[in-house]
Structure formats: C-alpha cells, structure tokens
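Chain IDs A, B, C and D follow the sequence of writing; residue 1 opens each chain.
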Amino acid sequence: MTTIGFIGLGVMGAPMAANLVAAGFDVTGYNRSPHKVEGLVTAGGRRAESIADACSGADVVITMLPDSPDVESVVLGGDGVLATTRPGAVLIDMSTIRPDVARTLAETAGRHDVGFLDAPVSGGEQGAIDATLSIMVGGDTDTFASMRPVLDALGSTIVHVGPAGSGQTVKAANQLMVAGIMELVAEALVFLDAHGVDRDRAVDVLSGGLAGSAVLDRKAPAMLRRDFTPGFRVDLHHKDLGIVAAAAREAGVATPLGSLAATLMASARAQGHGSLDHSALLLLVEQLSGRSGE
Amino acid sequence: MTTIGFIGLGVMGAPMAANLVAAGFDVTGYNRSPHKVEGLVTAGGRRAESIADACSGADVVITMLPDSPDVESVVLGGDGVLATTRPGAVLIDMSTIRPDVARTLAETAGRHDVGFLDAPVSGGEQGAIDATLSIMVGGDTDTFASMRPVLDALGSTIVHVGPAGSGQTVKAANQLMVAGIMELVAEALVFLDAHGVDRDRAVDVLSGGLAGSAVLDRKAPAMLRRDFTPGFRVDLHHKDLGIVAAAAREAGVATPLGSLAATLMASARAQGHGSLDHSALLLLVEQLSGRSGE
Amino acid sequence: MTTIGFIGLGVMGAPMAANLVAAGFDVTGYNRSPHKVEGLVTAGGRRAESIADACSGADVVITMLPDSPDVESVVLGGDGVLATTRPGAVLIDMSTIRPDVARTLAETAGRHDVGFLDAPVSGGEQGAIDATLSIMVGGDTDTFASMRPVLDALGSTIVHVGPAGSGQTVKAANQLMVAGIMELVAEALVFLDAHGVDRDRAVDVLSGGLAGSAVLDRKAPAMLRRDFTPGFRVDLHHKDLGIVAAAAREAGVATPLGSLAATLMASARAQGHGSLDHSALLLLVEQLSGRSGE
Amino acid sequence: MTTIGFIGLGVMGAPMAANLVAAGFDVTGYNRSPHKVEGLVTAGGRRAESIADACSGADVVITMLPDSPDVESVVLGGDGVLATTRPGAVLIDMSTIRPDVARTLAETAGRHDVGFLDAPVSGGEQGAIDATLSIMVGGDTDTFASMRPVLDALGSTIVHVGPAGSGQTVKAANQLMVAGIMELVAEALVFLDAHGVDRDRAVDVLSGGLAGSAVLDRKAPAMLRRDFTPGFRVDLHHKDLGIVAAAAREAGVATPLGSLAATLMASARAQGHGSLDHSALLLLVEQLSGRSGE
C-alpha cells in the first residue's frame, strides 16, 4: 500500500487528506497547529508529531501550504521534507506558489533523488471535499504517470501541462483570469443596476452568450443577494495576484487588465474586505460609482 | 399572415430575414445597397424599393443597422419608418445602439401610436444563420408578448429585461464583459507561452474551472491557430464600446477594467486590425510583450 | 474704440470682461441670469438685454460658456451670435469645448463673413482676475494678429498654436495632463503617508527634481491641509475629460493613463465630490487605500 | 581629514567620488570591474583592491550600486562593509533600493555600531557631475547632521525626510511620479500631433500653466527631436518601479496610475527599448496609436 505523508491540514488540505484515506491510501498527516490533525485521525489516518515523522516512511509526500515561503521552509528546512524523505519517493506540492520557486524546489528535490510535481488546484473548498478539484500538474512525464492514482483520489480534471513550474504557471493564469472576470462581472452588474434593468433576467440572457463565464454562473447570484461568504477570500486572491505579477514581470509579459484587477483586489483588502469572498469586488465598484448597493 | 418590413440586410440582417420567411412570415426587405436584397428574394421574400415601400403594409418593422445615427435617420427621417408605418404596428430595432437613443425612439414611436421594442442580439453571424441568437428585449410587456412569435423565429434565448432601452443596456453590458474577457484570455495565453507551457492542455484545464468562459471555449482555439477571421470585427466592437462608455458616463458608473479594455480595442483598430476578429487583441498583448507570436 | 460684446459672465467671464473695460474697451455684456451683469456695469461696462443686443454693434464678440452645447446654442441659434453680428466682426470663443465643434463654428462663422478664434484659457479664477491667463489660440494668423490687443488684456501667455480647433486641442491636452498629474501626486502623497514620511519635507525635495510639477507646487500644500476649496471643480474637469476622450477617440490616439485618470475623476464626481477642487482625487486614493486621511 | 570608502564607481558613482576628492576628502574607491577605478585615481583618490580595503580605514563608507541584492551582498557579505568597517563609522547607501531593505540594513549596521543613512539621489548623470543632485535622506537626525559636509559635496538639495528607509520611500514616490508624468506627456504629444497642432508652440503654452512639469520642460524637446539618448534608462526605471510596486503593496496603498505606468514601462523594456531614455515611452504611445512617429 502506498504511504502518504500529508503536510498542511487547513481548509483545503484536511478534506483532501481524508479523500486519500477513503481511496485506500495510508496517510500520516502533520500540521503546525496540532488540533487540525484530529479530523484526519477520525477519518482513519495517522498523526505525525513532526515533518520528519510524516516523511520518514512515506512513498509520497504532499504539501498544501499558504504561500511560497511556507513551502520553502517546510521543504528545504533543516528537519524538512527533503532532509527526511527517502530517495526514490515523490514530493507533490499542491500549494499555490511562485513558478520560479517551484522550479527551484524541483531541482533541489532532484539532487536528493526525490521526484517532484507542482500540482496546484482550483475548485475551492467544495471541490476539495467532493474530490472534484481541477489539478494542473508540472513535472516530468513519468513522475506524473506514477502519481496519477494519488491525484485521481483528489480531483476530476487532472492535466499534465509541462515541465516543473508549469502547474504553477497555469494556476497563475487561472487567478489572473478569475480576478479580471470577477471585476468585469461586478462592473456589469453595477452598470445594469444604475440603468434600472432587471438583473436576474439580464444575467440569464448574458450567461448564454459570448459574455458567459463560470464567474457569472456561479458568483453573480450570490453577488446579487449580497452574500460574500467565502468561497475564496480576497486575502488569498491578493496573495496569488502577487505571484502573477512577479511571474509576468520575470517573463516581460504585459498584463494591463490583470494588473489593474490586482490593484482593485489590493484595494478591497486595504479597505478591510480581506476575509470576504473575492466577489466582494462588487463593493468596490459600487463605492467607486457612489452607490450604496442597497 | 403577419407581414414584416425588414430594413438592413447585411451580414446579420440577411439570414435573419430569411429565417422569418422560413417561419412563414410575409417579409419585404429594403437595403440601401439594393443588390443585398437578392438573397431575400431567392429565399421567398419580396423586394422593397424604399423604406416607405417596406413599411407601408407592414404589421411589424424590423431594423438591423450599423449604428445609432443610421437608426435615427431611417426611423425618424422624412420618408422614414415612423412617417410611413401605420398606427398600431410595432417597430423592433435589433441594431446595437445607445440606450438613450433607444428610449428616445420608443417615445417618438409612441407619439405615432407605433409600438417599440429594442432587441439587440448576440451570437454573431452563425447565430443569425442558425436562428440561435440571444435576444435581449426592452419595452413594454404586452408588446413583448405579442412579438414573441417573430422573435422566436430568430433566436433561441429571448429574454425581456425591462422597459425601453433595457435591451440596449444589457447588450452594452455584454460587450463590456466580452471585450474585457477577450483581453484577459489574450493576456493569459501570452503569459503561458512566455513560460513555455503547453497551451492546448492549459486551456483544457482552465476551461473546467472558475476561469472558464465562453470566450476561452470558443475563441482560444482560433487564437492559438492565429486565425483572426471574423466573427465579430474589432471595428464593430470598438463602436459598441463607445456606447458602453457613454452609458457608463451618463449613469456615473465606474468601469475601470471595461474602460482599459476599450482603450486597447481602440488601439487594435488604430494599428490597422479593425477588420480582424476582436480576438486580435492577442496581437496587441504580444506586441506589448515584445513577442512576435510565432 | 473697439466695441466688444461679452456673453457669459460667470466665475471666469465676469473678471475677464472687467479687465477689458479697464484696458479701455467698450464692453457690453450679456448673461442668461441678468443679475450677473451688475458687476460689469459697476466696472464701467454696459448691460445687454439679449444676445442680439450684445452683438449688433460689436467689432468683437467673446463667448465664455460652460460646454459645447451652450456655445452651439448661443452662436448658431435663431437670434444667436452669427445671426446678429455684422460681417467683418470677429467671434472669439474662450469656452472649453470640443475641438470638432470649434472647427464647425469656424466654418459656419466664415460663411457669415465673421472671423473666428478658439481661445480657451488656463489659470483659473485667479488668473482671470489678475489678467494672467494662459490663452491657447486656434484660427488663422491674420485674425490672431488683429485680436492680439484684446487677448493681451486678458492673459500673460498668449500663443497661436495652429488653425481653427487647435486651441481646444491644446486645452484638451492640458486637461489630460493636469488630471493625470493630480492623480499621481495624490498617489505619491498617500504612499508617503503610509510609510510614515514627513510629507512637507518630501514635497520640498521632490519639487526640485524631475518629479516636479505645477500641480505639486500649487496643489500639494492645500491637499496636505485637506483644503479642497475650488479652484477648479471636479465637475468641470470631468466635463473636460469627456472632451479629451472624444477627441482621442476621433483621432485614434491611445491615452491609457489619461483614460484611467478620467475614470477616477468620474468616480470622484459619482461619490459626491463634484463641487470640490479637482485635487479631491486625494480622497479617492485614500479611500482605495483604506485610509481615512486623518 | 575625513576618509571615505566609496564602493560602486559606475556612471553615477565615478563623478560623485571625484567630487568628494575635489571637496578635500580622502577617498578610496572600490569597484568590482577594477578598470573603473582609474578615473578616481586620476582625480586624486586611491584604489582599493577589495571592499575590506576600502572600508578598513574609513570614517564614512558610501555605496552606490545597481539594486537591492547588490547592496545586501556588499554590505552584509562575509568580507563585506559591516564586517570590515570600524565601530563608530557611518555607512551612507546612495543606491536606489527597497525601503524595507534599507530599514534592515540600518538595523544590522546598528548592531555593528555603524551609523546608517539611506540617501538615494535624483538628478541623473549630469547632476552627479555638477554636484547638483537632490538627495533624500532617511536616518537619525544626529547622523544626518554629522554627514552634512559629505552630502554637501555631492548635491544642492539635501533634505532629511525621516527615519531609516524614508529616503528610499521618497525616491520611490519620485520614480512613481516621473514615470507617470513621462507617460502623460507622451500621450499629450501624440494627441497634439494627431490633431495637427504645432507642438513646439503647444509645449510653450502648456509649460506655463497647471500642466507644467519638469518632464515637460526637460524631456519634451528631446522627445520632439526623437532623441532618446539616456539620461535615465528604461531598464533602470523599470527596476525602480518594481521597488515602488513592492512598497505600495506592503503598505496597502492604491496606485492605479502608477501601476499602469509601470506596465507600460515594462512593455517598453520587453520591446527592446531598455537602453533608451525613459522618455521612449513616446514610442509605445505612438505604436498603440498606430502612428510611426515620423
């Protein structure tokens, strides 16, 4: 039986680890705040007291952490993943981090004879619970093939998009588009409201045409109800847009709309909406338009 | 049998008029360039030599013209639609024009005892041919109900979104979102290319998540083939974004992303891409990124 | 003695007309709200009861009105300027209007054998009072030369920049730059404040370098005192930026920064700051940054 | 006599070091490429073979290096400035680097009992040669006072703007405004050209009003001659705008115009204009407007 060390049992990581147990894997979980491991134990997994404890017997180590520095610390640190995982094992980082950091991790893992995939996800907490995540995977083809059974237990759309770092690049492109479309939908909704149009009907007809988007389908109804329960928080999207900006800058790619959307997301955060769903960009458009939204 | 006068037999109007004939309506068509009427005659319609000729016996008059001034001229002119259409008939303007002009036309038509709907469409030439257009309709409820059989012959999604002008407002919101999403998709595609990602696979995985959009599904494949055959031309989208800007300005609505997308669409036009498909925004992003695209 | 008909005795027009009297001209003034003519009478001018009354005996007619439609109405109307001014006279429009409207007025005036200059100003109310306005003049060279004594009574920098409409074009460029620089200064001031820098000293050192600007010199001190007394109102700058946008669109010129500044000026207005000085863009940047400004 | 170790003898550093010699200081210079030290020796300074050699006998160490990592390496490295400078000496970093890095350097220097000032400059190569730089200084008041004679030998406007890091913050604000104003001037010049206005005269009249700026005065004439000889290179301004973006992001400050200007500067670089003067933003605006500029 494949044994998996799972590091990072937060909102996303906890249900993912439980799904791996349900799929028959032997999962040992570690989290810095130890109480978050309890759910995994209840689900049939095991508790690790340290990173080393999670990694030492593992065939596969999965990390699901907030940001690039967290992953660097956990993977590269003195008693970290690479120092304690056996040669021949595979590390799958499913966090959303900078593509260049992912490439560095892949190289360093290679020097330890540990395989590496960067495999960030989209689909949110619900996708994690339902094992319907989209997973964009960078790394070499053989490693991808060998890890397919593990990934299949976590998501429904699993695509190998290129060499190490590519998964993070595609995730960055995802976050760029989502932020921009969210803002465009917010602008359209305020525009329609200001002109006295029935917005529910308008969303119906707009969804069916070239203006249609997953954001319009899944987010506009809650926006019209003014329900900004996350979902995906402004704070996290702001963090991810920092990754997008760095990666665009590194490659010399012009992303004028993406950059402006990032400015607005940063403003939403600066105004105290950081813990709301990213669809709270609507509040910003209303404010800029001098409208209370009620 | 309901008789229809159809004015404006261009790329969109010609197949729409033919579909009305096919649905059993008695259609008389007029176009300023008379040779464009031939297709309608072949399809079983009749040729009008003047606007008056198309309108004088009609129960319903449909206009499908390029821009606000064209519609104003054809509808309000000396021998125009309102001067020559019988009281009790209905005028349906399916052009994309300014919402405030639509409201003015509705009022003027009302003084002539002619009903009025603004009913712009989305779905493009193919939607016009297949009678699968989305039609966003503004006007009073009874007039909408009475015209439903006519509209059913032209589209598959037909939604009454509010009083006169509302159809144009919703169309404006449509064009705002489409322009912005097109630019975001272009930015994402250049970003992915610059990082060496397999773009076909990336589009596959992106389409399934929150970044998914009709633009990504329908336009990205041709963009990756560098096929910018319209479709919907940059020139027309530029015109429509002028309508969006005026309507947003009138209502005091902030559309920062929409406005920046309009700036870029205007630039695509200024650089000579006016007759390409609006997905040619890709060329602009490549240029701004110092990439030839090949 | 040259007789001048002066139409539009508002905040700017009233002191300008008085300066013409002081310079020895015979000035007859008209204003739609008649009480505004009293100041001119006190200063030694005469009251006209109608546009015709102001124009019929005049060698020179000056218009100083809020917007393009006002000028069109006053100049082209039935009992308007061109209908009542003698052939051989000269019309100087000093309002800020659209360049294409100025060109149309010039052509129409020509058909009446009336000379025409477009001569918008900058320098604000204080410049009008002190006769230190900058005046940017479009029109033919001879007419400019003949009107030089009149313009000399109103401003200190008087430049002939090209044929009819050119004055308005230069004024539009002026308003584009002023709006953008105002926003940049606002962004810089909030940035400095957020980092705890002594802003008075920072403005001192910044003023002396390549970042220096008239906006920084003249407006930053009041912005730091949070004094937004106009000066030049947001409402008027918003109007002028509509002229800029139309003229840029007509010429196919990309003005990405200018357009974004216009979006923000429109937002300042939508949020109720229309009657504050345009330096109130500071309030918008503070808001977007989640800062109260106190 | 005060002895100064000067590290970094590039385009700016070389004339600055020579000016210190001319003012009577005993200057020992170090540069990674040793041939650049020759000018200093000719001017009467001395050559150091290593950082340690430059620092060991110095009362004051000045660093003038390209970017944050260079300064970190030179100051904090094993045989770097802090390892080899005597307690009680003062380090003045005149490079343009990140404010947070400057604060870290100040703290670390303090632990070595070495004083620290961050003192970035504006005024360019000519200002360095003429000793007319503007110098924005962060650090404690006493250290600033004691270093005043050194700074007086380098610049004509020397302002203490706050605690450590403040100099870099003000420099960042400077670069934000300069980039934005440069772009606005470029937009205005293309706008004027597209409307057929005499641009030399227009610049004259615009310079005198609220649209006036040092960029318009000093840069527009060369832009109109299409002379993009640096001056200050696009590459360096692009680097500095990365600092601005990071510092704005850190503080949660919205800089929408500054961010868009940064996008355009990055595009100028991506298109191969990196070694031109930053006024080459004109080329970008011309391109976006479909104009060749000739």
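One rule holds for everything that comes next: a residue touches a chain if its C-beta (ideal position, glycine included) is under 8 Å from a C-beta of that chain, and two chains touch if they have at least 3 such contacts.
Not measured: the values here are computed from a predicted model.
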Which pair, A-D or A-B, has more C-beta contacts?
A-B
Name the chain whose C-alpha centroid is farthest from the C-alpha centroid of chain B.
D
Please tell me the distance, in whole Å, between the geometric centres of chain A and chain D computed from their C-alpha atoms.
39
Just the number, please: Cα centre separation of chain B and chain D in whole Å.
52
Taking each chain's mean CA coordinate, chain A and chain B are separated, in whole Å, by 37
Note the residues in chain B that touch 2 or more other chains, in rising order.
252-256, 260, 267, 269-270, 288-290
Give every residue of chain B touching chain A within the complex, in rising order.
99, 122-124, 134-136, 157, 159-163, 165-166, 169-170, 172-178, 180-181, 183-185, 187-188, 190-192, 194-198, 201-202, 204-206, 208-216, 218, 244, 247-248, 251-258, 260-261, 264, 285, 288-290
Of all residues in chain D, which touch chain A in the complex?
242, 245, 249, 252-256, 259-260, 262-263, 266-267, 269-270
State the interface residues of chain C toward chain A in the complex, per the touch definition above.
256, 260, 267, 269-272, 287-291
